[in-house]
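Heads up, there are several structures right after this.
Both of the next two complexes hold chain A, though its partner changes from chain B to chain C.
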Partner chain A sequence: MSIEVKNMSHIYMPGTPFESAALVDVNLQLHEGEFVGLIGHTGSGKSTLVQHLNGLLKPTSGTLFVYDVELTKKDADMKFVRSRVGLVFQYPEHQLFEETVEADVAFGPKNMGLGGEELTACVKEAIQRVGLDYEAVRNRSPFELSGGQRRRVAIAGVIAMNPKFLILDEPTAGLDPQGRDELLELVQDLNKSGTGILMITHSMDDIARVADRILVIDKGRIVMDGTPGEVFSHVEELEAIGLDVPETSRLRMLLEKEGIELPSDIFTAEEAASYLCKLMGGGSHA
Partner chain B sequence: MAEIVLSVEDVSYSYASMDEEDVKALKNVSFDVERGSFVAIIGHNGSGKSTLAKLLNGLFLPKEGRVLVLGMDTQDEDLTWQIRQNAGLVFQNPDNQLVTTIVEEDVAFGLENLGILPADIRVRVDEALEAVGMEAFAMAAPHMLSGGQKQRIAIAGILAMQPQILIFDESTAMLDPMGRREVLSAVRKLQQTKDLTVLWITHFMDEAAQADRVIVMDGGRIVMDDTPQQIFRRADELEQIALDVPMSVKIAREMQKNGVELDCVPIGMQALAEAVCRLK
Partner chain C sequence: MLNDITVGQYLPGKSAVHRIDPRVKILLVVFYIVAIFVTDVFWMYGVFAAYVLGAALIAKVPLRVLLRSIKPLLFIVVFTFIMNLLLVREGELLLQVWKIRIYSDGIIYAVRLALRLILLVFGTSMLTLTTSPLSLTDALERLLKPLSIIRFPAHELAMMMTIALRFIPTLLEEADKIMKAQKARGADFETGNIFQKAKALVPLLVPLFVNAFRRADELAMAMESRCYHGGKGRTRMRILTLSWVDAAAVAVNLGLLALLIIFG
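And then the complex of A and B:
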């Protein structure tokens, strides 16, 4: 098991008039190589939760194990934990600061003690893994690149530390449709090569299609935990806590009222169309 | 035919570049916008949408052609303030647009700069906050609000100037789905009840699908300009220029490939569900 959270709570500004509970008794296990989607409306506790998972925040109560390190202990090896769990913040391109792409990506691994050829190789690999041409971009300023490319550079900086689990906070926010698709593909590729993924998102169509498992958080509590098919069959409950559902789930609900059944684990246009065609008795059953 | 409030006539615009030729961001763009209409503008990153937005209220001036806002040429420096007062621009990041520590002061900011009398400011601020449904937050601190609430405050700040045209440059891009809905429905209500003209630049096809008219940009040019139904009929062309179509249209198109034809281009799942039921 990669990450285990037991009875974890987090209270912001305890003992002041602004005291608020951001996480309440969260129990959670994340497994090696899983692709997990984390959804919840703004203020539900998503970002607070993920910041615990690499030790940026300490829980007010409860325990937290990351790759067998008990994070809540005073002498926990934080450096080790952060080399295992990478965190890509929202709009990570805002955090680029170096003069060249290569130097920016090298910053993390260098701080972890890498140097010389080993460092160069690791930076090169990270830049290539995010789909950029190493030779073409290495000496360019990150600020000369397009928004989508800058985001890739920022992600490369985290991947360069070779994390086993990668947490991404709304990685597709603000990108155009093509940029969204490309970034999703990148995350899927990372997952296929063994990296565990925990992705915060508001794009329900996307996450339903790519994740193995969906966690729903509301008012600091995990309220649903299951496969996309299970979670998104609860259209009305999700809407009641201010969440969207995939378009196909909405269609399923609308058709159900008319007596047409659509399976709950259909999330792509192709699947929905071929199912509907079969149902209508028409179409080529090729 | 309704009155034309905004007229873009053969406009080109280029950015200076250090090492190469100037980068042409807009090439011979022409269109008119009728009073009270809701026009969506879509296009991938770098297609020229944001450049266009900044030309519409004189933040940028055309290198060729002209832009007329209520008949006023944006090139005419004497008219700049009158143009900006009439064509308000709302940007993407809510945090970059609010300047004061109390909501109602923020809404009053533009009015104070225009030298409006305090009593009139009071009335206009109250009306503007009410129009976006934020009157209860008049005394709140902007940093304690959600993204959608902040964008509505930014819109109120512009409404208080009593503009006739509102231009939104990806104003929902940084919001969560609830914030997006809040802002879009507030804007639709303003367009319908106050006869405001809205230009809505977006990456979200479901938002564009709700417009009266959709302008599609690619490579600095307008490549399509039609109703959402007609635009999303051309899914293949849209995909070629790195755009998407709403899921409902995608499903209809896939059904067509499988030999099942629906009787319309369904914009939205409700429309698709109804079309499917009609097949039964």
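And then the complex of A and C:
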């Protein structure tokens, strides 16, 4: 098991008038190579939760194990944990600082103690991985790239550390539809090569399509945990905590009322359309 | 880590002290400061201390909070106290140990200056504890307004202060976030000698400044697109009016002034 969280709670600014409980008694297990989606309303504690998973925040109570390191212990090896669990923050392009793209991407691996040819090789691989032309961008300043390119550079900076589990906090926020699709493809690609993924998102259609498992968090508590099919069959509960459901889930609910069943693993409009066409006796739709 | 820094120390409230017009409050504090530095009579310091403590009582400012405000200046108070004690060579010689001589006037000067500094901090703290930073800049702008005749940029100054105050929490939040992001990439801000620590700050400071400039640019555009064009002809959202609280505060201070004139 990669990450295990037991009875974890987090209180911001304890002992002040601004005290607020952001996480309440969270229990959670993340397995090697899984693709997990984390959804929840604004302020539900998503970012707070993921910052615990590589030791950036300390729980107020409870324990957590990351690759067999007990993070709540004083002498926990943070470097090791952070090399295993990569975290891409929201709007990561705002954290670039080096003069060249290459140097910025190299920051993480260098902190991990990498150097020489090994370093160059992993930087090159990471930059190519995120779909940028290594030779064309390596010596450019990150600040003269476009927003979408900058985000790729920032993500490259995290995957260059070769994490076994990659956490992304709303990686598609503020991207155009094409950029969003490309980013999702990149994440899926990483997952296929064995990296575990935990992705925070507000786009239900996307996450239903790509994730193996969905976690729903509400007011600091994990309230649902299951496959996209299971989770998104609870349309009313999700709407009650301010969450959307994928279009296909809504369609499924409407069809159900008419006595027509749409399999729960269909999450794209195309699949739904061709299934329904077949059902109505036609061939596959053109 | 950055949570420890509180910006301004305003304690919101509805007491009479809170409700004194910020312009009046600033002027009263100026009078108070002049007064404690003018008077030489020791028992007058007691009167002023009672005045400040009374105000704190009315405003429900905990004594602990008021006392804490002296902390950043404690070093200066102690330092000037010792300097005065050792360097003043007037009055009677009271004590001589080796080369150190303590004179009676030295004690008087040292105690007087220490009292003045402490009262100064208490008074100004009462101002910032009971007035929101925004009212303060607003009041300052109005008080400085007459100076615009000699082209003093009162409005611009106040606007800059307001914006700075507004963005300090944002900046701290951002610094916290960038720090975490770089830590996630293995950055180490805590260990190492002073040079290593300074160098470790580069990945924090560069993005912080870049983002601050970007934000300033955006803010300027947002303000301009909403027709901001400086202070001229700009109306105000809050109209300040004087009330009986202000009259009462001024009356108390006239009393103090009378004492000051009579007893020096």
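The working rule: the second predicted complex is superposed on the first by the 283 of 286 C-alpha atoms of A that agree within 3 Å, B and C clash if a C-alpha of one lies under 4 Å from a C-alpha of the other, contacts with A are read in each partner's own complex, and residues count from 1 in each chain.
Quick note on the criterion: a residue touches a chain if its C-beta (ideal position, glycine included) is under 8 Å from a C-beta of that chain, and two chains touch if they have at least 3 such contacts.
Just so it is clear, the structure is predicted and the values come from calculations on it, not from any experiment.
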For this session: Return first, second, both or neither, reflecting whether A:243 touches chain B, chain C, both chains, or no partner chain.
Result: first
Exercise. What is the contact status of A:56 with respect to chain B (first) and chain C (second): first, second, both, or neither?
Worked result: second
For this session: Go through the superposed model and pick first if A:175 touches only chain B, second if only chain C, both, or neither.
Result: first
Seminar exercise, completed: Within the complex, chain C is touched by chain A residues 13, 51, 54, 56, 79, 82-83, 86-87, 89, 92, 94-97, 107-108, 111-112, 143, 157-158, 161
Exercise. In the complex formed with chain A, which residues of chain C make contact?
Worked result: 3, 177-178, 180-188, 202-203, 206-207, 210-211
Problem set entry | chain B partner contacts - residues on chain A that touch it in the complex | 41-43, 146-148, 173-179, 202, 205, 242-244, 247-248, 250-251, 254-255, 258, 260, 269-270, 272-274, 276-277, 280, 282-284
Seminar exercise, completed: The residues of chain B that touch chain A in their complex are 44-46, 92, 146-147, 170, 173-174, 176-179, 203, 205, 242-244, 246-248, 250-255, 257-260, 269-270, 272-273, 276-277, 279-280
